[in-house]
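Look for chain A in each of the two complexes below; its partner is chain B in the first and chain C in the second.
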Partner chain A sequence: MNMIYSIALKDFKQHLRSSRFFLTLLLCLLFLPFTLLTGTDDYCARQTVCEQRQAMADSALNNTYVWSQVRPLVIKQTEPLSIFCQGVTSNMGTYNQILLNTYPLLPYAYSDKDCSIIGYKQTEVQGDTGNNENIFLNTFPCTDFTGMIGLVFSLLALIFSYDAFSHEKETGMLRMIFSHPVNRLTFLFGKIGGICLVLVPPVIVCYTISAAYLIYAGIPLSEAVWSGIVLLSMLTLSFIFVCILIGILISLLASTSEQALTVSFLLWIGMVFILPPVSGYLAETIAPIPLYRNIEAKMKLLDDERYYELKEIREKFEKEEKVKTMMALFNNMGEDGFMDKWGLTMSFARAIRRTHAESELTRLVYSDRKWILQKGYLNKLKRQIRLRYWFSCFSPLQVFQETAQHICRTSPENYLSYMHEVRSYRQEVWNYFIDHQLFNSYSYFTTQHEEDFMTEQKMDEVSRKYETLSEEEKTSILQKIENRPKLDTRELPRFAQQPASIQEQVKNGVGTFLFFTVTSLIFIYITIKMAVRYDIR
Partner chain B sequence: MLQAIDLTKRYEDGSLALDALNLHIEEGEIFFLLGANGAGKTTTLNLFLNFIRPTSGQALIDGRDSVKQSLEAKRLLSYISENVMLYEDLSARENLEFFARLNGKNLPKETYYNLMRTVGLKETDFEKHVKYFSKGMRQKVGLACVLQKDTPNILMDEPTTGLDPKSAAELMDTLLQLKQKGKSILLCTHDLFRARMIADRIGIMKEGRMVMLRHREEFMNEDIERIYLDYMQEVPQ
Partner chain C sequence: MISDKLMILNILLKQEWKKNRRSLRFRLSWLLMLCVFICGTIAFVHQWHNTETEYEEYRKENDDEYHGWTVTAYAIITQEYLLQPRLSSLIDPCSEQQLPSIFTYNAFGIHNFRTAFSVKNPLMQHNVSFSWSFVVTTLLTFITLLFSFNAFSGEKETHTLGFLLTYPVPRFLLLLSKYICIVMQSGIILLSGIGTGILILLLSGIEMNIQFMILCGGFFLSSLLLLSLFAAFGLFASTISNHPRNSLLLCVIFWLLCVIVIPSSQLSMARYLFPLSTTMEEVQQDYQQQQRQIIDHAPASALGNREDEPFYPPHEMRADIMRRMLKVKLDKLNEYYQAGQQQYERTNQLSMCSPVIVFNRLNEYWLDSGYVRFRKNQKALNDFCTHFMEWFKEEDAKDPQSPHWLNPQEHYSSTQRTLTETDYPVYKEPEVNLTNRLLSALPAIFILSGIALFWFILSIFSTHKYDVR
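Here is the complex of A and B:
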């Protein structure tokens, strides 16, 4: 142990005096503050948008008159750890609306009509497959803090380790060292220790400085954020360890330092620039997804079918209730069954109530039918993600980045499980409506009390009288309608996003730590085998 | 005491580098191993150092097998190569300290300074980076390493090559001092002149075999250079 320490210490001293160490400092100083600042700015901007949207959502819910207007907006809370790792955040939207007609698929980004339900404007693509359409795959994670850490430190680990054996052999130092009572494994672990001594402190300093900066920037740091930072640093260290072992293995296999440097550099290029797009491409090729436009077209057909079914229901109840006057003094209507009427006849109100009692359930049935299509699409997206994940196992950098996304709750899986929560909430909302018989109530579409509904005759009179009113009197009536009492929605279930927890972070990280441990053990085993056989002459 | 018993090395390509070498170097003896390039001198040293494994036979260092008791054997052995290899970006003292630590020693700075004084290194060079050192100065640091390790056996591979006459003479003086202390010294060289000066025995190697062995009393009365050249030209049986 003492000898390992001596070799590690000697290497540490040498590394500190080398140009490589200055490169380490330079790269850390150049890129990391930059990514931290941009990450924080981005987080703050998203947080502002979220707060505004949340205020709008709360206000919308508190200013409803009828239950058909209650379509809660669900706002995705910004993850503070996204400062470190954005994952797919920039590709995703921030909100969803709970609708009767449709299940929420993914967070919505825009409200433009041109945009599809998956939240971004799709380009016109010929054919049936939607390659490059998986927004979970179209990411370049190297621009965030952990991305840059992975990029810089994988390069540095290779730079420090590629000539660990080959350079010593070339300079004849191996002969000198092994003429002393030094075990080859002692030398190997000393070498690894020396590189770790150089690379571990900068990693810890980087994360400490970033945590200090977050406190300075006033970012709320919960327990989960702290544990996330600790886990990220541990993940980075285990990743660097694997990279060091790869570098040393290259050093043992290469016949010259130049050869080792070339191989290390090519490997790094492959890890950073080639494997990520290749794994995405392979995933898309092996498990293609259909064009979402085609799914939307099928959903549109179901919507048309539903429209006619609802029309039939409406006509059936209008007939049964013998509705003669299908008008209201105040009428406001919108999408997803929204209807706010005032000044109705008894027969018309009854027909609408009975229609809603059936039609809104029909909407739910159709949304379930549409969900089958959406779910099929989602499963294909998931399959692509999973395939990409398996392919990325060939690159420790990708494994590191994907785990960082998991820990920071910005990975595709996190978004998918969040959407699962949103869909559960949707179920909860509509169950509330069903349990409280809101679809079957007058309050679903009017603020008028049952006893105030008019007869057909009264309606004719009021209508005629309304025509004779002056503009001022008409405005006064409209104002009266505006000042109607609002709906009490306090009992309506509210969406509570699952907060980040240490257990969840640990659970997300455990697999990768195991992966890195197994990979390290395999590399250590191969490295030991190689080191023992290494020709030191 | 250094001992080679039927020591043989055949490489993977089939070439025979060393053919049943038998050698016995007593305490306080300086043995010069002579021979042309490729004769098997360095292979012999490599086998004693366990850098390569023998095909058959044994290399013993004070009775310890160089393969089976490698670490124990190396504790009893010092080695100086033709170009003493040191860490360029460490000072002479740091290099000494590092090699001392490899032997499990943690000595005070002053001890290293004394060792360097003993081998004739200037005080101003003690903390200077080795990259600025001449070959002679490196040899001195190498010798300081040997003194620090203080082993009963010393192996040297062409130690005088490239040294100026003064440095070479100083090295020979140091070797004689070490001999006085009872060290067994095996020195591989082409330097017949130095061999004649201080060797107790010389052996001439050719194509992996020891073709001639002479005691000091014998070779002092002979034209060693003539004998050496004759052996080099002789077609092996």
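Here is the complex of A and C:
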């Protein structure tokens, strides 16, 4: 053990004096803090947008007059650990709206929903995926902290280890050392120890500095964030260990340093730049996905069908209630069945109430039918992701990245489970509407009480009188309508996003730790075999 | 004199080539790159078939949509235009997956543009695409540095350079022969990769025209320019270092800076140096507030409508209000998008210090794709909307039964004549010819050549300064 320690210490001192160590310091001190700053900046920008949107969502919910206007906005909370690993966050937005007509599929970046003030507007609710406020910035590549750590430390591990044996072989030192009573395994573990001594402290320092910076930047650090940082650093160390073993093995197999360097670098290129896109491409080739616009076109056909069905329902009840005038003194309509009317006749109000009781359920039925199409699309996305995940097992870097995404809750699976939560919330909201018979109520489309509805005769009188009013008088009536009492939505279920838990993080990390341990053991076994078989002659 | 020098260069070049072609790194790199090109192209072919089928389905859906519509409905309903997928995305996708590819517009102007989900999985990271351009910028640049990092420092270490320089060999020619040899090695790898890729495309039955072949040729030349730049830096690092390890570290740092660090820092550059003054939410709030003011200042009678009475007098005011409201919205959005585009363009200009970004820009111009294509379509669609509006006004003027009030949202204030199958305007993406593409790409070519020349001249100086003792 003492001998291993002596060799490791000697190698460590030698590495400290080398230009390679200068590179390590440069990369750690320059590039890694830079990615940390970028990540923090990105998190803060995202958090600001989230807060703005949350305020808008709350205000929208508190300023509604009728239940048909209640379409809660769900804002995805920003994950503090996304500072370390962004995962697919840059592809995703933060915004979803609970609608009768459609199920939420993925979070959008922002809404183009225009609450029409007058008249009906044809545009549907639209959105964009993507993280950045400026859509064009989505083209800029973004390397996060764990991405950079994986890239830099795998390169450093190979740079430090590629000539651990090959250089000694070239200079004849290995022959000389082995002619002395030095156990080969002791020498091997001493070499590995020396490289570990050089690389482990910078990793720990990087994570410590980053945690300190987060405290300084005022980022809220919960227990889950702390445990996440610890898990990430442990994961990084095990990944680096695997890379060191790969480098040592190459060094043992190669006869010259140049050979070892070539193989090491090409392997690094393969691991970092070739395998990730290859796994993605393979998954895309085996499990292709359709153009979402075509799915939307099919959904539009269902929307058209629904439109005619709703029309039939409306006409049926208008006939049954013998509606003569479909006029309202104030009329505001919008998407997803939004209707705010004031100054209605009794028969018309009754017809609308009965129509809504049936039509809104029909909307839900159609949204279920559309969901079948959406779900098919989503399943294809999931299948592709799963395939990519299995292909990525060939590259230790990708395994590291995938696990980091899970720990930081920025993986595709996290987004899928979040969307599942949103859809459950949607169900909860509409169940609330159904349980409280809101679709079947007058408050769904008007602020007027039943006793205030007019007869048709009265309506004629009022509208004739309205035509004779001056502009000021007409405006004052509109003002009165504007100052109607708002709806009390406090009882409506609110969305609560599931918080990160330590157990979940540990569960996500255990599999990868096992993978790295098994891989390390295999490499150690092969390396020992190679070291023992080395013939000094 | 010149023929003597050429002869020496020829001998040196032959010698270098003989030495390098047998090296393990050349063989391994060639093999690796061939595998990458073959796998990438095969995967692309599969995806291309899927993309083409899906796009065809989309086009069929949208072609049939306008039959039986009225002129007014055609002019006021927001239509969408999805950019057609292009075969040259195999060469370089130019981040088109991340850029807006759907434009929504009507006769009153472009309403917005957004990213299509497309056939790419939104739940997968696409910052690394497996295109030829990716292979060149990320892999071949690294391999070129791997070829060049010890061209001089290796010979210094083994003292063969000292021996060589005792012969009457001009140092410049020695440097030039090494440089040409490294570029040749990289060029051969690239050419064989592109050749194999084209062969796979041909075998898989993908239709390729002359233009595509010219695009491939142009891409090969521009890639060679980029690789020669990296070769020049590799040689420079090699001439100033006494040990290959040092030159290797210099090369790695240069490569990390050009390929990873500067491109990855663009997002921060944009946010810190050219921040946007407003967010989309603020813009939305702003125009909604202004729209509210228009409503508040409008006479109350204008808020009434009677669908069955097109000539109902308040409809004129109503149409005017709607037009003003739409104008406010489009102007505000346009202002916001323009600020966004400026932010993007300024950041790109600033990050031109990385040759990889210059190369990407060159590809955008040469392949007419990415941001350049988006801008071209935005401008063309704006012009189209002006023409569309004129057509709408003309058609409306022909109808005596129309009140001619052109309401951008409601159909009853303008003509109700049905659209004939042939006479309505349809937007088509304009083509850019090869000469114009080349002219647009010239500045990027000059920048790359300038940087390559700069490193090569520095290498000449440092070679001349080398003391054999």
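Side notes on the structure shown:
Rule of thumb we're sticking to: the second predicted complex is superposed on the first by the 501 of 537 C-alpha atoms of A that agree within 3 Å, B and C clash if a C-alpha of one lies under 4 Å from a C-alpha of the other, contacts with A are read in each partner's own complex, and residues count from 1 in each chain.
Definition applied: a contact is a pair of C-beta atoms (placed from the backbone, for glycine too) under 8 Å apart; a residue touches a chain by one contact, two chains touch by 3 or more.
Values in this document were obtained by computation on a predicted structure and should not be read as measured data.
Look at A:S6: by the touch rule set out above, it reaches chain B but stays clear of chain C. Between chain B and chain C, it is C that contacts the larger number of residues in chain A.
Of the two partner chains, neither chain B nor chain C is touched by A:S222.
In the superposed model, A:S179 makes contact with chain B only, not with chain C. Once the two complexes are overlaid on the shared chain, A:S18 sits against chain B and chain C alike.
When the shared chain is aligned, chain C comes close enough to touch A:V88, but chain B does not. Of the two partner chains, chain C is the only one that A:T143 touches; chain B does not reach it. When the two complexes are overlaid on their common chain A, residue A:S441 makes contact with neither chain B nor chain C. The intersection of chain A residues touching chain B with those touching chain C, taken from the two complexes, comprises 18.
By the touch criterion stated above, chain C contacts chain A in their complex at residues 24-25, 28-29, 32, 36, 39-40, 42-44, 46-47, 50-51, 54-55, 57-58, 61, 77-78, 82, 95, 98-100, 102, 104, 111-130, 134, 138-139, 142-143, 146, 150, 245-246, 248-249, 252-253, 256, 260-261, 263-268, 270-272, 276, 279-281, 284, 288, 291-292, 295, 299-301, 303, 305, 318, 321-322, 325, 329, 340-341, 343-344, 347, 370-371, 409-410.
Of all residues in chain B, those touching chain A in their complex are 46, 49-52, 71-72, 74-75, 77-79, 81, 83-90, 94, 98-99, 101-104, 149, 155. Of all residues in chain A, those touching chain B in their complex are 2-3, 6-7, 10, 13-14, 17-18, 171-173, 175-183, 535-537. Against chain C, in their complex, chain A makes its touches with residues 18-20, 22-23, 26-27, 31, 34-35, 37-38, 41-42, 45, 49, 52-53, 56, 87-88, 90-92, 106, 110, 112, 114-123, 126-130, 132-143, 148, 151-152, 155, 159, 258-259, 261-263, 265-266, 269-270, 273-274, 276-278, 280-285, 288-294, 297, 381, 384-385, 388, 412, 415-416, 471, 474-475, 477-478.
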